[in-house]
Structure formats: C-alpha cells, structure tokens
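What follows is a group of structures, each given as structure tokens.
Each of the next two complexes has chain A plus one other chain: chain B in the first, chain C in the second.
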Partner chain A sequence: MANNNFCCKCKTGQATIRIRHAFYCHDCFLFAVVGKYRTILGKSRSMNRAKGKVLLACSGGPSSISMLHMTKEFMHVEPYAKKKIQVLDSALVCHIDESALFEAQNGSTQKMKEMVEKEFPNMDFLSSSMQDIFLKDFTKDADLDTVLKGMDGSSDYDYLVKPIKQESTLNSETDRIDRLRELFNGINKNTAKEDLYWHIKMTMLVTLAKKEGCSYIFMGDTATRQAIKMISMTGKGRGYSIPFDIGVENDITFPGLTILRPMKDMLSKEIGLYNRFKDLEKYVIPPTDFNTGKPAKSSIERLTEEFITTLDRDFPSTVSTISRTASKLTPLNDMDLSKKCAICNMPYQAGIEDWRRRITVTNVKDKSPDAIPNEEKKKLDDSMIDMNEYLCYSCQVDMKDYKNDTVSRLPPYSVKAILDEYLINDNDEE
Partner chain B sequence: MSDLTINVEFSGGMELLFNNVRQHKITLPAKSPLDNSKPAQLRDLIFYIRDNMMTEKKDLFVEKDTVRPGILVLINNVDWELCDELDYELEDKDEIVFISTLHGG
Partner chain C sequence: MVKLCVLCNENRAMIKRPKTGQQICQQCFFYVFETEIHNTIIDNNLFKRGERVAIGASGGKDSTVLAHVLKTLNERYDYGCELFLLSVDEGITGYRDDSLETVKRNQQQYELPLKIVSYADLYGWSMDEIVQEVGRKNNCTFCGVFRRQALDRGAVMLGVDHIVTGHNADDIAETILMNIFRGDVARLGRCTEIFTQGESMIRRSKPFKYTYEKEIVMYAYFKKLDYFSTECIYSPNAYRGHARTFLKDLESIRPSAIIDIIHSGEAFEIKSDIKMPTQKTCERCGYMSSNTICKACMMLEGLNKGLPQLGIGRETTRTRRQLSDATNNEETEQQRTTRKTVQHFSKIERDTTIAPIKPRDPSLVNTPPPRVPTHILDDSTKSEKKDLSW
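Our next item is the complex of A and B:
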C-alpha cells in the first residue's frame, strides 16, 4: 500500500485525494474547492454590477448542500480582512417539495427547514410543493378554468388543441397532488417526464425569486452534471437554448433575474468529498427522480450519465473537457428573445415546423413538395390551435409521448402562455 | 487464522440499498477466499457485501468486477485511487466508506 505522493499544492503534506490527475492533501483540497466557488462569484458580470438578494435553489442533494455551506462561508467576513467585500447581502434558501411524485422525498421540507435553522441561521427559508404549480400564485392573471383538450386530426407536425372551460375542481391539496400524478403518469417516456419535471421546477424557482424580490438564483449544477446535460440536451434537440440551460451565468432569458451556477467547476467527486470532510452528509437528502434505481436505457439523460461517469473513471479529463467546450457556447447574436416556449420558457427558433417538414421522411403523398403548409391549416376549424407553434423543438418532440388526455392536465402557466400567444397572432392576422 | 473487523459506511444515497443503515461492522477472514495464500483485499470486501448484504439491485453497487462508476471509495479517509484500489490489503479495524455521487444537486 505505497502512498508516496505528496500534495501538489503545499508539497509537504501527504496526498490523500486524487482529483483528475492531481494529488491533494485534505486541507489543500478543501481550500481549492472553496476557491473555485469564490472565483466564479468574483468573475460574475452581474454580481460585480449590482448586489441583490439571492435565492439558493436547494433540492437537498449533495451539490445543493455544499453550495449552501460555501455560501454561508462567503457571507461571513473576518473583521480583519479589509479586502474581502461582503458580496452577498441576504440569502433565501428555496426548496421545492417533490414528495407528491417521489415518496422517498417525504419529509424533505421539514428536514431542510431544520437544517437551515440550525446551520444557516442568517438565511431565510422558503418552500413550495410541486403541486402548487396549479395554484394562482404561479400564473399571473390566472384563469384556472381553461384547459386544452387534444383534438383529432393532428399530423406528424402539429398538435391540435382546443381551449375548453372546465370547472376548476382542484380545490384541495389532494386534488392538486392527484392532478400532478395524473399529468406525469400520462407521459409514456421517462425522457419526456424528466423534461417536464425540470421545466416546472425552473418555472417555480423563477416565479418565487421574483415574488421574493431576489435578483439572483444560485443553482447547484456541478461540472459533471453540466457535461451530462450538454450531451443529453443536444441529443434531445435543445441545442438552441443550451447556453441558457447550462451556462454559468444567464441574465438574458429572465429580465431582472440572473441565474448563476457557482458549482460548475467542481466534479461530483469533489462535492462528495467536501460533504464528507465538512460533516454535511447527515443533511443530504438522497436525490430521487424518475431514473433512480433504473437501468441505463430508461431515458436519454440516464444513459448519458452512465456514459460520462464510466468514461470519466478511466479518463479523468472527460468532464473538464466537455465543460470547457460547454462554456464556450454563447447564444446567437440575433436571437429573438420575445418568443418563449410555453413549457420551458426558453427562446425558440422560428420556422421549426417548416424545418421539420423538410427534413422528415414520411409517406409520400400526392402533393408537390413545395406546397405551403399554411394553406392546409386554413381549412381546419378556426377554433383549433396548433400548440406546436408555441413550443420549442424539444418540447414539441416530448409532446409526442403524451397520451391523448394528458395535455388537458398541463399546468396553468403553459396553457396561459399558449392562449396569450395565439390571441396575439390571431389579432395580427386580422 | 484470525478474522478482520472492517467498519463500513455508506453515504450519498447508497444506504438506501442497505435498508437505510449507514454504518456496518463486517467480519472477514484474514485470507482471501479467492486465493488462500494472499491476505484479504478490498475486492474481497466488495464481493462479500454484494453476495451477503444485498438482496436486489446488485448492479447499483457492483459493475463487472469493481464498484459502479460514480461511487467514491475512501480507505481510512484516503482516496482509494491512492491506495491500490481493489488490490488494497485490508487491515483490522480499517474504515471503508462508499459515497455515491450520482444525480447530484
């Protein structure tokens, strides 16, 4: 059991940890990890411009807990350290309770609340449950009685729906929980489930941040997670919005709000070790989602996770190489930010439908390939809406895995976004 | 031929595979069951856990002949990558920790 390696930083301590190709002793490792967090905060454009209240998105998983801990250290300034400016004024820990979907998460809110009160007393705590997405709070000027009913006659490229009035029967918490479960049970593939789950979560975080007057949201994505998302999102057709979905700083898609990912230079291994050495493991709520305990092929993201973690084990530069490439991605200069996908709130490219028709091989009909698709639409019943016009490419693809009546269970914010856009377009045409 | 007592801890979600129990004390023979002339190694411990302590989902802990990628192993608080990994020769009262780092965040 020869361990003759010395720490690469201090050169005196015996190395106890290997990260990528470098050896560290305990103390230097901890110092390096915290240093990465500070570097990202220090380099952030928005943080240098204006201070503001921070919302810490905390799922209870290992990265969120490390992030909270590091943020706490960052808020505390030694009296003698004149150079260090206290960058964060106030922080709010926000937890979205998912126990309606994942029984293993029962009690997570209570556990987190106790942890914040004990370990992070100068931070506030706010929690919301996933089923609250059906409440008025998450949809401005909500009309909770209108839902979208899927109609027959959709081709491969459109998704026809009709708005209908339905007495809002979601009066109790149990009703909302049931509705949430019905929504997810009505989606056939895990990939589509994960996507919707994530979009709903982001929407809730953004809404809560605005409501609480926060100008920043800190998310705990690690470099490993970023690499996985980069590959899996490209595979799902989300390439257009990737810079916003995984970039370290996003102050573009949500005006007035900056989303920061301070953990994005840390490997999941570093997080696991940090939590152990700082004795934070007792607070970690093991993350569960649709892929937990499932075989590798259950969804695109799960497969990508398997691929990357396996590759990274034998080739430790894998994650950092992918991360470096990911951080070079910038949004297109002429991006149209006024059009946002009704489900994921990210900008989408115009002309998706025409593009899909051009590249897809379907049954050859007796029509010339130059036929303008719009002429067909005019023959349809005027009250029908093609939902796909208001969705980005990957959300359109996800919709294909929805069962017939699932679309009527979409959360109110999506329904409203679709109807609002439809009415604007309708008015334009007149 | 004496037995070794090994303190094993599971964390990061791994404890869910073991009835939510984090700390375990395991007794192993001092010689490797695969080769009686050699002392017990870490791989023997891993196979022991897989064969005696797990009733289902074995592939979430062990893949092929080693731990699944994404699981960190600490031997007496030292990264196992610095200690010969599976070939590490176990000593009495060693503390082995398995930390899962999957789905972080």
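Our next item is the complex of A and C:
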C-alpha cells in the first residue's frame, strides 16, 4: 500500500518510524511523544489545583533521562506564548546511588551531577545512597538500637519476632554498606530481593521529597514497564495496592504528596528513539539490578518482562491493552488508609491471616468429623510479636524467603513501623 | 533416614505437596485436600439443606474428583444435598463419546443419577458438523457458547437450580491473566466470584477455586479414580496457551503464585464510570443475554443460513465475510433447511424419571491411561517419561 510511505499524521512527510501499527515522520513523532507527556500533566487533578516543587526521580535509565528533558522543555515558557501557563515552579533531580549493591553503577552519581549541571541548569540536584536508609535521616524518631530477632516456632501463617536492644554498629559508611549487602544476601530468592529493593527506594524518595518540601514526585515508568508491573504484581498478590503502585496519579497513600507518572503512555521504543533524536544517549546509565543478565526464570519480574516483551512482538497491542486495563482499576471502597504495611507503606487488607488459614490447612489434629477444623492461634509469649500482622499480603509471602537472621537487618523505618503499631494495639487491649 | 510427614509426624512422608512444598503422608494429604474444599464450601455458604445440585461431569480429572469429593463430604459433614451428574455430548467422535463412557461408569461407581444432553438434540448441530462448516479457527467459541446453554437447559430438565463445575485454581488464575491481557474489564470483575447468580438462571459455583490442578491429579492417582485424560481433538493453539505457559513458569518460581494471583484478582475493583453490559433476555429462546438476541441463537442462525461467521469477530470483518459467504453459498441455500428450532427456555419440561444409562464394554472404548503426577517424593529415581503436557 502506498500509504506506508507517508506519515499518518501530517500526510506529507516521509514516514520513517513505526509505532504499534502506525507510521510517523520524524517531526510528528517527536510532537506526539511530547504531547503525551503534556496531556498527562494537563489532566492531572492535583496539578490543576496547586503548584508546587517537583522531585524528579532519576535512576539514569533511558526513560528517566527523557523525562528530565521533557520537563525542562515544559518548564521553558516562550515569552510570546501567553497561553502556556507555567505549571511547574521548580524542579529537583534526585538520584539514588546503588553502587553498594551493583558494581556496574559506580560513578553514577558523579555522571548525573555533571549532566544536570550542564544540560539542566535550572534544576537542583540531590543524591543519596541506598545505604543511607540506615541513617537517622530516614526514620522519624529513630531508635537505631532496637532490632527484631526472628524466633523459632513460627507456623506457616505467622512470623514471630522479638525486639532486642543491640548496640548500633552503623556508624561508618562501610558499616552501612556491609549491612546493606548482608541484608540482601540474606534473602534467598530474587523475587523477594527485588521487592525489598524497590520498597526501600520508594521510601527514600518519599522521605527526601518531604524533606525538601516537594509536593510532587515524577517517576519515569513507561507503558511497557507499567504492563510488566501490572502482571508481576498480580502474580505476587499485590492486587489490593496495584492502583497505587502503578496508577498515573497517586495522591492518597502519602498525604501532601502526589506521585505522578508522566511517561505512562509511552512505549520503551518511543523513549529510545526520543533519546537518540535529542542526542541524550550519552547520558544514559544502563540500569542494572538483580535481574540484569539473568535467565528468564530467575524471578517473577524477570519472567514477566520476558513474557510481555515477547508477546508484544507478535501482538503489538498487548502493552497498550494491559495499560488500559490497569488504568481502569480503582482502590476498593472500604480501604482502611490508616493501616500501612511496615515494609512497602501501602495499605493492606484486614483478615489476611484468617483467609490463609482456611485455604491452606496445616493442622491435622482435629480429625473428628464434627469439629470444624480451626487453627488455634498460638499463645504468644508476651514479648513476642507476630510480624505478619503489620505486613501486606505480598510482603508476608516475601518474608518466607528470608533467612532466619535477615530480619534483624531490616532498615530502621520498618522496625519502627512494626513496633509502633504493636504498641498501639497493646495499649488498645488494656 | 526415613523422612516423617511434617504434619502428623507419625507416618512416612510420601508426597511433596505442590501447594506448599511440604512433605507429607498420604492420609494427611487426603485430609488437608478434603478439608480445604470443605472450608471453601462452608465459608462461602455454597450449599443449602435440601438443595438439588448438578455436577458438571465431563469425565475428566476435575469433574471425576469433584463428584467423588462432593459425595464424600456430603455424607461426612451432612450438607443435606441431592447430587446429580450432568453431562454434555458435543458430538465429537473419538473424544467426547469416549469420555462419556467414563461418566457412565462414574454413575455406577458413585451411584449418582446421570443426565446427558447433546448438541444434536438441542440445537440440531453436532460439533463435528460445526467444525466442517466453520473450520478450525473459531470453533471453540461455538462449543463454549453452546455448552453454557446446554448445561443450564439440562439443569432445568433435572429440576436443579445449582450447578457445580470443576474449575480449579489454575483455571481461575489463568482466566484472570487472560482477562487482563484482553482488556476485558467486565469479566475481570466477575471471574473471581465463587458464585455466579443470574436472575432467573441457574446458579453456578466452583468449589475447587483454591485447589491446585496438580493436587487434583495426585488425589485421583492415589485414590485410583477412573477418569479420561486427553485434550479435545479440535483444540487449537489459542491465545490461552500463552497465559498457560506463563502461569506454569510462575508456579515453578514460586508455588504460591497461583493463590497469590487469585488473591490479587479478588481485590480488583473496576472504576464505577466504566460502561458495563446489562443483562437482558433473548427474544427467541428466552435465555439470558447482553443483547436482544443471544449469541447462541445468532450463531445458529448463521450456521443454518450458511453464514458461519455470523456472530464472530468484529463488525467490518463480519460484514465482509458474510457477503463473501453469501455469494459462495447461493446454490446450496435452497437445499438447506433449518434443522431444528431451539426450544424456548420457559417451555423446558422436567424429566421426572432418570433412568440409569449402561456404559459400553470397556474393552471397546479407547480410554487413555490417566496422568501420573510428578511430585511424589521418590520422583528423582524415576527416569521414565513424565507427563509433559503440563
């Protein structure tokens, strides 16, 4: 068909790019991509209400870099374009340095700093390392001397721990790096490692945003990544918090803070082409994490990534259909937002433990046909806490892959959250 | 060192349980398997006293185990239900007529009355004839739509208002994933419900909602239950195959993933401003439908007129195909008469007597050997071929 040669939008330019089933010319493609970014910002409820400072979460990967670039273009208002209202006051680029865990990321902070100074001079730059999660800055009223020790006697449904006072040995940077590495090495499966890694990162971003007085966080998740996360989170049991984890706009879980994902409609192919055309490829730091270079079955996330990208090759509408389905989900009406999971900070359902007891039976003692088999809650020693009561379903499932002593290396914010909730409950019962 | 069962600590461990990875003995396995199903039934109030319940029986492992377990639990815990077996004969030679022999044997083994409804009787078309008309690409749609109505009609004939089917946890997890992939939000919200209640239609429930397929196979193997295990001969390489492979891989990474998916699916809630289909009644046959004419009637009309694509596919492709089919079939149209008018739903009469049906001589029937499960403890020593269809 002769139409293939002409751009489908302007109908005059030579079509050089194919996205999904449509052909675009160079200029129309760029216009369309930037248009998607602007649409999301324009439609955002919170941005229409109040302006504020924006924290740009930048990992150095391709979509973070293009997000920075698009934000810069967006902030720049031509003096003659009176209709363009400058929505973003100021922006702060935030980078979390993971070189303690991944050698390949060494020097990423330095590279990012140079790039921001050169290309994005009106943005500030802030960086933090992952091992800083063990510092007092990331936990309000931190008590670094208390850790949780895993106890024996946990059944399949609970996870018993005991708070112990332990002299804090996290005074130097190397101590903290070691602790971080021990924490992750103490987790057997990659799936649980990735989850913890992601939760720690999110917690750090949220804390930094609040500290710097930002009201928005922009994250660079693309449509492809959103589709992958939708499926992998379903597979991990995070259905309850999916609308918060991957939705375009989340102003509910963190009061005073809105998390936006302006790159949500863009495929990773579009991002790659944008970076090439705008000459940003030299700044891209290839993101390495636990999945890089691993075979497909090493973790749930990696398997899903392999599956979706392969399926998308044969059925190009896969990613957009899954994205659309994800955007139609909404949080449940009776969601209790006051209870948050100690590790991932997302709301969790009540009654999970009971549900699990009925579905997976492990007590074979009551074999008489009259008794309805029921698990008796073990009589807890007063000082022991059942950690599972303060975790969401998928964090509970992840905990099963933790070695016995890894619990004592959990970051202080989790420990504090568990202990605070436990003390509140304890006081209620009196 | 002999390994002891981790649950009772008395007997020798023989099985590694697929759901939890625990190494347990046979008795404990039977106990936990049956108790979990009992818990599901009680927690969701599936049965009422005195209810007449039809078990959708295909002769495969799910329905055979379902019949066995329901009969056992009904007696053990006294649900007070009257159980029946209901089977559908799609008219697929070499597959369905053989699997139905298994159902007839089940009728005698479990002493439950059996009713068989067939497409040929209800609609005037058997699946073999439909596949000849339609080809192999969209035939599954026909079979599925017709079967749903056939089961409900059979239920009215039996006088039951509750059908139980053997959909297991793997099926439901697969359906959730499929609905996400296809963007079918309407079904996504409904597919995790253990109960489906139509207005005047028969209720359906799935007691095996939290039961793993591997455990069903294991149960059937150890209890030496009689079942039929082959795939339908018309089964195509459908989109569902991708979801199935993905699910199996997920299960190999983390065995609890299947239950996790169902847990996620139950927590999904669709935004209220999304347009959803409303339920109406078909003008021709009285069955429930989202449009004025139900899908089954539409497809039957297409078959009878020689336009087999009526009711399948998108609007533009449909009209195109209709026109091309119409021109091809002009000569045969005079010869083709409507085979059978479908009986209106409200006019279905109840069968007052259900005579037992005698099965044929087993030596004349092609019954493939049942699957051998692969999670038995001393598996590693066996090097014979495993069932690779999982």
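Here is the rule we go by: the second predicted complex is superposed on the first by the 412 of 430 C-alpha atoms of A that agree within 3 Å, B and C clash if a C-alpha of one lies under 4 Å from a C-alpha of the other, contacts with A are read in each partner's own complex, and residues count from 1 in each chain.
Just so we're on the same page, a contact is a pair of C-beta atoms (placed from the backbone, for glycine too) under 8 Å apart; a residue touches a chain by one contact, two chains touch by 3 or more.
Everything numeric here is computed off the predicted structure, so don't read it as measured data.
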Let's test your reading of the overlay: on chain A, do chain B and chain C clash or fit side by side? fit
For the superposed arrangement, I'd like the angle with vertex at the C-alpha centre of chain A and ends at chain B and chain C, nearest 10 degrees. 80
Touching A:Gly272, do we find chain B (first), chain C (second), both, or neither? first
Kindly classify A:Glu305 by the partners it touches after superposition: chain B alone (first), chain C alone (second), both, or neither? first
A:Thr222 in the overlay: touching chain B, chain C, both, or neither? Say first, second, both or neither. first
Please work out whether A:Ile17 is in contact with chain B alone, chain C alone, both, or neither, and reply first, second, both or neither. first
Considering only touches as defined above, state whether A:Pro286 meets chain B (first), chain C (second), both or neither. first
In the superposed arrangement, does A:Asn425 touch chain B (first), chain C (second), both or neither? neither
After superposition on the shared chain, which partner residues are touched by A:Asn188: those of chain B (first), chain C (second), both, or neither? neither
Can A:Gly237 be said to touch chain B (first), chain C (second), both, or neither? second
Can you give the closest approach of chain B to chain C, taken over C-alpha atoms and in whole Å, for the superposition? 16
Which residues, counting only chain A, touch chain B once they are in their complex? 1-3, 5, 15-18, 23, 26, 59, 61-64, 104, 219-222, 224-225, 263, 268-269, 271-273, 275-276, 281, 284, 286-289, 291-293, 305-306, 309-310, 312-313
Chain A partner, complex, touching residues on chain C are 7-8, 19-20, 22, 28, 31-32, 35-36, 39-40, 42-43, 76-77, 176-177, 179-183, 185, 188, 210, 242, 246, 249-250, 252-254, 256-257, 259-261, 263-272, 274
Which residues of chain B touch chain A in their complex? 11-13, 15-16, 57, 60, 69-70, 72, 74, 77-79, 81-84, 88-89, 97, 99-105
Given the complex, residues on chain A that touch chain C span 156, 189, 191, 230-231, 233-240, 242, 296-297, 299-300, 303-304, 307, 311, 318, 321-322, 324-325, 328-333, 349, 355, 358-364, 367, 369, 372-373, 393-394, 397
